[in-house]
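Shared chain: subunit A. Partners: subunit B in the first complex, subunit C in the second.
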Partner chain A sequence: MIKLSKKIFKVPVNVLLVTLVVTSCISLYLPIPLFAQESVSAAGASDVLILDGKDTPNDGGGSIDLKFEIKDKSILDKTYNVIIMRKIAGDGAVNGSTEDYKEVKQLDVSTKRYNDKKGIEDGIPYSYVVKLVDKSNNVLFTSPSYGPFISSPQWYNTEKTAVLILSIISIFIILLFINLAKQGRNLYIRPLAGIKAIEDAVGRATEMGKPCIYIPGISTIDDISTLASISILSKISEVIANYQSRIVIPNYEPIVYSVIDEVVKNAYVKAGRPDAYKQEDVYYLTGRQFAYASGIAGLMSREKPAANFFLGWFMAESLILAEAGAMTGAIQIAGTDSISQIPFFIVACDYTLIGEELYAAGAYMGGDSKLLGGLKGQDYVKLVLMIILVVLFFLKLAGVEGIDTLLVGGGGH
Partner chain B sequence: MLFLKKTVPFLITLGMGIFTFMYYFMPHKHMKFVWENVSDWAIIIGGGSMAVGAISMIRTYYRKSMNKEDPNRWYAVITLVCMIGMTLIGFIFGIGSETLFNDLFINVMMPLESTMFSLLAFYIASAAFRSFRLKSFSAGLLLVAAIIVMLAQIPLGENISVHIPAISSWIMDCPNVAARRAILMGISIGVVATALKIILGIDKSVFSGAGK
Partner chain C sequence: MSTNPWIWVGAISTIMIFTYLWKENPLYRLAEHVFVGISVGYLICVTWYNVLHPKLYVPLFHEHQWILIVPLVMSIMMLFRFSSKHGWLSFWPLAFLIGFSGYGIPASIDTNMLKQIQATINVSFAGGIIPIITALVILLGTLSCLIYFYFSFPHKGAVGKIAKFGSMLLMISFGASFGYTVMARISLLIGRVLFLLRDWLGVVH
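Right after this comes the complex of A and B.
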């Protein structure tokens, strides 16, 4: 088994080991256990009011969750507001006196929970007192001191365990197929018409003596669709350089422009034609959405390109671009993972790469076995996900509890 | 040189990729501190890159405007004049409210952008004309669904039949959502695979110097 895993993970295992070592080092260095929720919970009770407090779970610290309930119905009926007061436990006067307590929040009587984040420091014990007041702010009841409650940060968000497990499974499958492809295993990838049409479009442009226009979308460099677009562009630029054709790339984002400039330049170098690269054909146009659309529409009507490529992230300008291009009679190939814009591209372009096909195009065009292996892995991850969804669907039909929230992650930070 | 162009960007990508993955699962304040600092750096780099964009734009349009054989060179001249004019006005009179810069932006730039946006209505009509042709069974299904959904958006739809809004809601909430979710799941898996290939350096096409 170890031999097999070593064989399969010849290269990526190094990276995984580094991650493991770094994580282990951090966990050893830290006084707080990596996977344990250090949570101090304490409850206090009186005949009138019950208060329970604990460290807020799965957070970065500096927060205490308070839950309270007014038991006495006669006081509850008169109460208008609930005042939460706090002090550092052990400081100041004797328990029971509210002198040293400072008001942190005034809540409506219907409120049952409060998340105290105001000036809370980790590791410090806090005591709470709750005052119930009527409409005229007369104090109806002052609770005894509750606590101490201690806040602490967590290193791991337990609500995201399902996401972590699925991520690990996905990464494992993708790496497995990358390594199988590297070992020379023949992996069939379904051909995509849009990808095949890209080379034909460049050939058509060369024959017609007209340029191609490439639009990398309006997103930033940290967007996967932009990176996928750049990956495709690097392959198209090589074909353009080999065919001695011309490609014009107006950019929306300055960082994307800088990367694209380098990538296209390198593609020309790789094709052995660095002299053919024209710097004025790759340029920054504007950072305003509709100014960008009008600039490109103007460029299309002046240059009359033979092929237009719209690959990346697009918004409302997608149809303006695609229709302006269609009017020039150019062959149009689009690809986006922006779901709302896919229908517009489908109706206005000759070929459309839908969603994930955009990510697959770069790998498919290059013919690199490792990238193709990644694509195959991607398909198998989809298969696993489909099986999981079908199983969960039947479990839900069978009335098993908790299925709805099983795959729901814990949200952002 | 290849080390700076290829290895250094790869190492930075690898480190930041692993950190970002870990940050999603680790809410600790130390992780947040590093994340916020890195985000600040991204903003600084983004700001600095505007200068790169401006230089590129000026260089490209200056060359175009100087090419006397190009009949379209006046467009480049107008672009340069507008860009330099707005920059100078901003520097001299300021960019706050009730300044000349702001007036030009509100009264020239925004109406121009709104005009471009309004063109969408005409483009939607021409695109709909092309796509709603009854060429096949699938195109027929699309046509029927589109007619029902469009009728449901206007009062006439409900007047024709009270069922039209209900059918429209069903089309939007069931088959439409099912298709969207299927595409979204594919996109999500694709994002993981693409990110993994870039982070681990398997796909090097986005790194400078990859072609050498």
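Right after this comes the complex of A and C.
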């Protein structure tokens, strides 16, 4: 027992603290219907058919959920289609008459639910009538009027409570570590082989007097991998400017091109060599995937670069680029979070930054305390996720109800 | 042999691109430049017909949705990057676009974190000990892969061994993915060769 307690106290305090916060959140979240949503619901019944309706939960309004069940077996057997009819409650004829009802949808008899979005306005009460028809469209049964049902928008989506809680925890942890990094706290990040190789590759290019080619991927500026790639490029450009080497950057996306142009220009200014920046080396090639690949393949063959960098988001062009680069004998460093393309880079490149290593490289190379703190914070978010995973797994194994939808469906509220 | 001139254009272009397998040469260079040039021209047309005309020009000038003046002005500001004097104006829309990437954080947490964890947990334990062992393998595999991407600890000792196991699992999955995709690429090559032999030369049916 004493041995066990000693072992427990050997676990870092921050890990215990994170575990405590996570388990508290789960225990709070599991049994209590937080922010339970008020919905307008009403039901009607007849011997033949039951219909229940309510405002669609967690939406922006303009929608009513209908659920119906045909109880009479003899009518059910003859029924081919179910016709949903609707009118504004209180308008036109009295209950029982279907004159003012308009057909909204004709459904197969096997359908049990219908989400009515057709011209529904929020705050207006709607009544429904259901007609059961046979194959020849003869009416077998007309239900009495059901309702009124009123649609309304919701400000809070209860299904996203887990997202809210985890967003708050993640933001808090990341901000905490950014703050610690800013205060000058020594934050350990393990070295990555690919990062060292990037610096060596630039040195090699300088010694050989050949250019480097940098491909920032084919994604847009709001993609994390593109942002990480730009962060790495900023550092590489600075080294290139210091070594008086050359970097060629053909771009796929116009906005990314604009940002990269500015980033490289600034790196040259930062290195004290703004005159060495060549605008013609950073250019927009094309926005079509395989045209881009063929353009770069040709560029590599003509320029015979000493180093190729493929850092960002890639798709099917990845192997064409990496193979064309390998044929020129250049040292190749790739990094992507596009899972399906990582294998091609692994086989055709000298170093590959797999998935999150690309983001880590951005933070690691940038040397910016904010990025480093962010990376450290993300590590602790991962720790939180691992603890959530283990706790929920064993809760489910123990037979606790509601785990199956806890993280994606608002805890089954 | 085909009499359709477009088949001939396609076939000759294909052969010109294939000459890259020998080495970079004027034929490949011609095909490459034509390909890149046409793709840019095509993109300009697509942008006008699919984006600018239906989403900006028609709603703004025909339907008078004045709010669209905001993106229009931002687009024009982007063009100032060609001016050395007023180039700073292009930083505003760029800053907006980069800042807007934060919009994806909740969606990313939902799909990349919560849904993945939920899917890992949502395994069936019914049917005896085997499903439980399977579920434990999935759990341990997921955890070891996550530890591989944990940068705060050096990969030494027990952590190093778990990370190594995680990287082995990753390599197995990459190997499977590689084989699957190569198969798809081979079928693309077969399609191209078939185009040359059947549609162009007519030597196979």
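By our rule, the second predicted complex is superposed on the first by the 370 of 413 C-alpha atoms of A that agree within 3 Å, B and C clash if a C-alpha of one lies under 4 Å from a C-alpha of the other, contacts with A are read in each partner's own complex, and residues count from 1 in each chain.
Here is the rule we use: a residue touches a chain if its C-beta (ideal position, glycine included) is under 8 Å from a C-beta of that chain, and two chains touch if they have at least 3 such contacts.
What you are looking at is a predicted structure, and each value in this text was computed from that prediction instead of being measured.
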| task | Considering only touches as defined above, state whether A:106 meets subunit B (first), subunit C (second), both or neither. | result | neither
| request: Between subunit B and subunit C, pick out the one touching the greater number of residues of subunit A. | output: B
| request: Would you check which partner chain A:319 touches, where first means subunit B only, second means subunit C only, and both and neither mean what they say? | output: both
| request: Figure out whether A:242 sits in contact with subunit B (first) or subunit C (second), or with both, or with neither. | output: neither
| query | Does the superposition put A:170 against subunit B (first), subunit C (second), both, or neither? | reply | both
| said: According to the stated criteria, A:81 is in contact with first (subunit B), second (subunit C), both, or neither; which is it? | reply: neither
| query | Which of the two partners, first being subunit B and second being subunit C, lies in contact with A:59: first, second, both, or neither? | reply | first
| task | Could you tell me if A:385 is touching subunit B, subunit C, both of them or neither one (first, second, both, neither)? | result | both
| query | Counting only touches as set out at the top, which of subunit B and subunit C does A:155 meet: first, second, both, neither? | reply | first
| request: For A:189, select first, second, both or neither according to whether it touches subunit B, subunit C, the two together, or no partner. | output: second
| message | With the touch criterion stated at the top, can you tell me which subunit A residues are shared between the subunit B interface and the subunit C interface? | response | 160, 163, 167, 170, 222, 224, 227, 255, 258-259, 261-262, 285-288, 290-291, 294, 298, 302, 319, 339, 342, 344, 346-347, 354-356, 360, 375, 382, 385
| note | subunit A residues touching subunit C in their complex are 160, 162-163, 166-167, 170, 188-190, 192, 221-224, 227, 255, 258-259, 261-262, 285-288, 290-292, 294-295, 297-298, 301-302, 319, 324, 339-340, 342-344, 346-347, 354-357, 360, 375-376, 379-380, 382-383, 385-386, 388-390, 392-393, 396-397, 403-408
| query | Mind pulling up the subunit B residues that touch subunit A in the complex? | reply | 14, 18, 21-32, 35, 42, 45-46, 49-50, 52-54, 56-57, 59-60, 63-64, 72, 75, 109, 112-114, 116-117, 119-120, 123-124, 126-128, 130-131, 180, 183-187, 189-198, 200, 202-203, 205-206, 208-212
| said: If we count contacts the way the header does, which residues on subunit C are in touch with subunit A in the complex? | reply: 17, 20, 23-24, 28-29, 31-32, 35-36, 38-40, 42-43, 78, 81, 90-91, 94, 97-98, 100-101, 103-106, 108-110, 113-115, 117-118, 120-122, 125, 132, 135, 139, 142-143, 146-147, 149-155, 170, 174-175, 177-178, 181, 185
| said: Looking at the complex, which residues from subunit A come into contact with subunit B? | reply: 12, 15, 18-19, 22-23, 58-62, 122, 153-157, 160, 163-164, 167, 170-171, 174-175, 178, 220, 222, 224, 227-228, 230-231, 234-235, 238, 251, 253-255, 257-259, 261-263, 266-267, 269-270, 279-280, 283-291, 293-294, 298, 302, 316, 319-320, 322-323, 337, 339, 342, 344, 346-348, 354-356, 358-360, 362-363, 366, 368, 370-371, 374-375, 377-378, 381-382, 385, 413
